[in-house]
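In what comes next, chain A is part of two complexes: it sits with chain B in the first one and with chain C in the second one.
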Partner chain A sequence: MERRKYPLYFSYPAVVVFLLFFIAPTLIGVYYSFTNWNINADSVKFIGFDNYAALFQEPRLGKALSNTLIFAAAVTVLQNVIGFALALVMNESIRMRNFFRTVFFMPYVIAPIIIGYVFRAIYHPEHGIVNKLLEGVGLGFMAQDWLNDPKWALFSIIITDLWKVSGFAMVIYLAGLQFIPKDLLESAAIDGANYWHRLKNIILPLIASSTTVNILLSLIGSMKVFEMVMVLTDGGPGYTTEVFYTYIRSTFSMGEMGYSTAINLVLFALVTLVGLPVLAALKKREVEM
Partner chain B sequence: MRRGGKQLALYLVVLLGALVILVPFYMILVNSFKGIRESALFGMGLPSEWLFANYEKVFEQGNIVRGFKNSFLLAGLTVLCVNLFASMAAFVIQRRDDRLMRSLYLTFIIGLIVPVSIVPTIRLMDILGIKGTYFSMIMYYTAVLLPFSVFLLVGFMKQIPRELDEAAMIEGAGFFRLYFRIILPLLITVLVTVSIVVIVSVWNDFFGPFYLVTDSTKWTIVLQIFNFVSLYNTNWGVVFAFMVIVVLPVLLIYLLLQRYIIDGLTAGSVKG
Partner chain C sequence: MKKMKAVSAAVAIGLLGASLAACGGGNGNDKGASPSASAGGASESPKNNNPVTLTFVISNTEDTTAFNKVFEAYEQQTGNKVELQALPGGDYDNLIKTRFSTGDFPDLFLMQPGTKQYVKLRAAETLHEWSGESGIWDNVFDSIKQAQVENDKIFGVPYGSTGMMGVFYNKEVFKQAGVDVPANYADLVEIAKKIKAAGFTPFYEGVKDAWPPQVFYYTGWVTQVDPAIGDEGVAKLNRNELKFADIPELRDLFAKQKELKELDLYQKNVMAGTYDEMQNEMGDGKVAMAFMLDGIVSQMEQKFGKDWVTNNLGFFPFPSATDQGIAMITPPNQLMVPEKAKNRDAAIELVKFMLQPDNVNLFYANKPGIPIFEGATSELYPVQEDVKAYIDAGKSRVNIQNRLTASFVDFSKTLQNFFLKGDIDEAIEEFGANYQKDGKAKLLEGF
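Right, the complex of A and B next:
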């Protein structure tokens, strides 16, 4: 059937909703980031680059930027390493495989705010299970006030996020592994390729599309982290765990809407910068559409 | 012998991993039955006395039923909008496959990547005169969840042969008939995946309602627990009970329909 016969109007509902409620706020945001829009002002006035000038003088922006990047990099790398390792093990015929797969993915469907509350209990300096375990095995000197110690707070949030997202990466990798023909691996083994060779030369190249999807999703997702940080530390102690969305929330709560919109746009630029190369990789898939 | 030892070691690693995942769940559950003093110790042991009073206290808050209703309403209506709009769009995007549709597809993909401008969204809802309404929330969620759904559905649509369309048209079916009677039924698996992703996202979301809903009668269950913890964080037993209540519906949906999540994500995101 001729391609152009398919009616365009089928796409209109999605296009209208997406343009109006996703694209339009972004564009409006560009305008408001150049205004003094705040809770006390009688009228919204155009103030040029004032918000940005003030923003880039704040050390707090630097903290939010570096924390967001550290968080995103650490989560992306570790989530993929853990997820891939789990997938390799789960791809073997081990007992109760389906049960384990169900369990590993489970945290992914839990609200981040709830995960934050549980881990507040888990990291509790006196009664939390982490410190109790350390004391139990004679490593009591390693016990910390995980969320209130500037040295450990961001680390503890990263671990919490990994607890949530590793199972997701595992599922995507498992899917990729299932497309690798078993006899290919067997004949390589017969030819004398050891496990590392098979991993490097057969498995890794053949699961490239899983890797792309996983890296894209964890990078993008972790740069937008909000609820978990808000509940665990709310950016503290000081600004040691401040990320973009906690910064936006705090300026918004002070009624500085124009200013918080400017911060949002900096995040927008950052995510676009990091996301574009990965998007290019995804576009290759689109060719096959 | 050596092989057996290796298998055992792998098994122990998996077992340990599963334990790390399950302990926090167990902790929530077991402490939700403990009194105020005992629950504050976050112990792993069974309660010295099983208390159901924590659950009663949560329900006594009164608003919880309303919170549940709000969450269900938003999740349900968003599922309808996203499934309908995304599948219709994916149908023409994949079938026409011309320059216009390719740029539309790309626009949606970009929406998958860039962050929402949340504060200006409040302003937009104000301008449109729908600030704080259920309708505004449903539209917000639909817009945010469309990109991922279009992405999954376009990937899946490739597997439905065009010959089917032609046959239907020769039989004299119009486009609506073709779409609703023939295409939609074939998309069921992936539509279930989309629905689960939408339900879980809307149910668990704090970000959206935190900014967009001011009227406490329209609060979702997640907003209620946030408010509850800020006010009553001295009684962990009750907080744990509240957590069980919030987690239970999504956990049940996941355990019942997990096959669809995993199959759908696999088909949509890896096969390409």
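Right, the complex of A and C next:
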């Protein structure tokens, strides 16, 4: 039976919006990254690769780059591990399952700024609940200045972000798990497959599309991290937790629009460079049911 | 079929057009903001039939109580409302500039003092010019007015009082530790040691909030850098002919702050220190001193009451090697109205309303300070009388930030790093490099 197709012109409004609000600004941004656009200047001049040359001589960029990559790698891996583990548990017939699903998902809908302020209090070296708890169980020697010690600051931001986003990964994995036919798992169990074998040979391959979506979303989202860093440390102490977007913000606010746009394009290229091979690799693993 | 296609396309385009038009719409606040509606004069006209809501942007380091009182009176008289938006103090300049560059103009905003702000905000193109405006300058002290003039033009209306920065201290803690106001810098370190020995925290520094550690340098500058480099040195800095790293007295300020940390004279967990906690700890009698700006006076009044401020809060300048030093003062902040503000005319009328003698006195009643208006009365706290005495004795100097056009960009970040590493060379190099970067970004001559 031939599927009836909708006429192409139905897509025109969406295409127009996409061209107008995404493609056009992106192309204009590419142009401005090659200019000296500055809010204090009367005119905008084309300056070739000068912005990019200056950018790669800036020591702050190296720190922002390494912090962004560490953050993205840690959050992408751990968000998926935790999200998947939660989904497996929340897919079982346990008491108050819906309540727990809501509890785990709830941090995702809380504004990062509120989470940031709450965790600033939680991490406080003297009055924060983390150190108080450690002291309470006799582990006072492990107490740290979580957000202001360069050794721990990025780690603390990562943990906070994981608390926020793991519930979202859980929901996507949960949707994938619920599409797996129960009789498939039951027949595998009858055939003698233990839980590990069912997980490895049935569950993981069949939720590969959920894994693709989750990994891509968390990778792109974490490379664009801003609010959580901004509110917890503002890239500090000093520049120790600087990420791409806090650096971009600081250059934008100095009025160097052309230069800032160049940094933005470098981040765009980086996300694309990392994202495309990951997408290709994950797509290969997907199986049709 | 063709006809159907054409109709569908027309409907789709129509819907798209409608959605775009909706995006461009205002928030409805500007309904009555046409010049004819608002230019009638908020101060003279009765209640407006089409009241507007004005946005007033202010730094969150400023106490807003006094402004709110004046705005309440304004609302009662005109029916117009004023929505107060407090932006983070550490990023205030950047946020204002960003809003300007994106066309998101507030109706009115409070800016730091000095004509350097005109350069920062490209005032000639963006701000309302006040020099010929009636009802503005009638009561402003002439010296204050003249400080606002650049190229015969004025883009900011001074409002508030003469400010100050220096060492604020808890008199009761001094009394309990058996120490008095220091006679010189070495004395300051000695009394800090005695205070520590008596079980109190000598100094509190809000490194986590980033901006407070800068006060140490601004107050120290007038006492030990200004006498060394003179006005000519400041002029050279403005022309980028003098490098920060080449000023030994400035390098010495870094050494002094490092010494205080090494002597363990700051609070425990100095990196986690915040402005808010500093107020609490000083008010609770745990902390003796803080290098701070005068915003602390109203903050302490709010938290601990007028009596506490009257009896407990003291002030002295950053001491020099030989004497008590020079008090650092700041000209009053300034009110600015963007030319492209939605409610520009109503904002201009609001400024005129704020400058009326009754409203000026209402402001000072809620935020006492050294007045800048003729005939204005303000009950000064002893801590403010102390500064006034320095001003009257000619022992005061305006903040270096207000005398330089380029800004000390990211100085707070530099100081956070400095508190971590203690590397004076690195800190002063970065300080200088960021100053030059800002001069270059502002396209200033010589940078």
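Methods note: the second predicted complex is superposed on the first by the 268 of 289 C-alpha atoms of A that agree within 3 Å, B and C clash if a C-alpha of one lies under 4 Å from a C-alpha of the other, contacts with A are read in each partner's own complex, and residues count from 1 in each chain.
In this section, contacts are C-beta pairs under 8 Å (C-beta built on N, C-alpha and C of every residue); 3 or more make two chains touch, one makes a residue touch a chain.
Since this is a predicted model, take the numbers as computed values, not measurements.
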{"item": "Winner by number of chain A residues touched, once chain B and chain C are compared", "value": "B"}
{"item": "Partner chain in contact with A:237 - chain B first, chain C second, else both or neither", "value": "second"}
{"item": "First (chain B), second (chain C), both or neither touched by A:257", "value": "both"}
{"item": "Touching partner for A:89 - first (chain B), second (chain C), both, neither", "value": "first"}
{"item": "Which of chain B and chain C A:39 touches, first, second, both or neither", "value": "second"}
{"item": "Contacts of A:7 with chain B and chain C, given as first, second, both or neither", "value": "both"}
{"item": "First (chain B), second (chain C), both or neither touched by A:125", "value": "second"}
{"item": "First (chain B), second (chain C), both or neither touched by A:152", "value": "neither"}
{"item": "Touching partner for A:248 - first (chain B), second (chain C), both, neither", "value": "first"}
{"item": "Overlapping contact positions on chain A, where the chain C interface meets the chain B interface", "value": "7, 10, 13, 17, 124, 252, 257"}
{"item": "Chain B-facing residues of chain A, complex", "value": "1, 3-4, 6-8, 10-11, 13-15, 17-18, 20-26, 28-29, 32, 37, 86, 89-90, 92, 94-95, 100-107, 109-115, 117-119, 121-122, 124, 127-129, 163, 167, 171-172, 175-176, 179, 209-210, 213, 216, 220, 223-224, 226-227, 245, 248, 252, 257, 260-261, 264-265, 267-268, 271-272, 275, 279, 282-283, 285-286, 288-289"}
{"item": "List of chain B residues in touch with chain A within their complex", "value": "7, 10-11, 13-14, 17-18, 20-25, 27-28, 31, 40-44, 81, 84-86, 88-89, 91-98, 101-102, 104-124, 139-140, 142-144, 146-147, 150, 154, 158, 162, 165-166, 169, 175, 179, 200, 203-207, 211, 222, 225-226, 229, 236, 239, 243, 246-247, 250-251, 253-255, 258, 261-262, 265-266, 269-270, 272"}
{"item": "Residue ranges of chain A touching chain C (in the complex, touch as defined)", "value": "7, 9-10, 12-13, 16-17, 38-41, 124-126, 145, 147-150, 234-240, 250, 252-257"}
{"item": "Chain C to chain A touching residues, read off their complex", "value": "5, 8-9, 12-13, 15-16, 90-91, 93-95, 97-98, 100-101, 119, 122, 207-208, 210, 268-269, 271-272, 409-410, 413-414, 416-417, 419-420, 437-438, 441-443"}
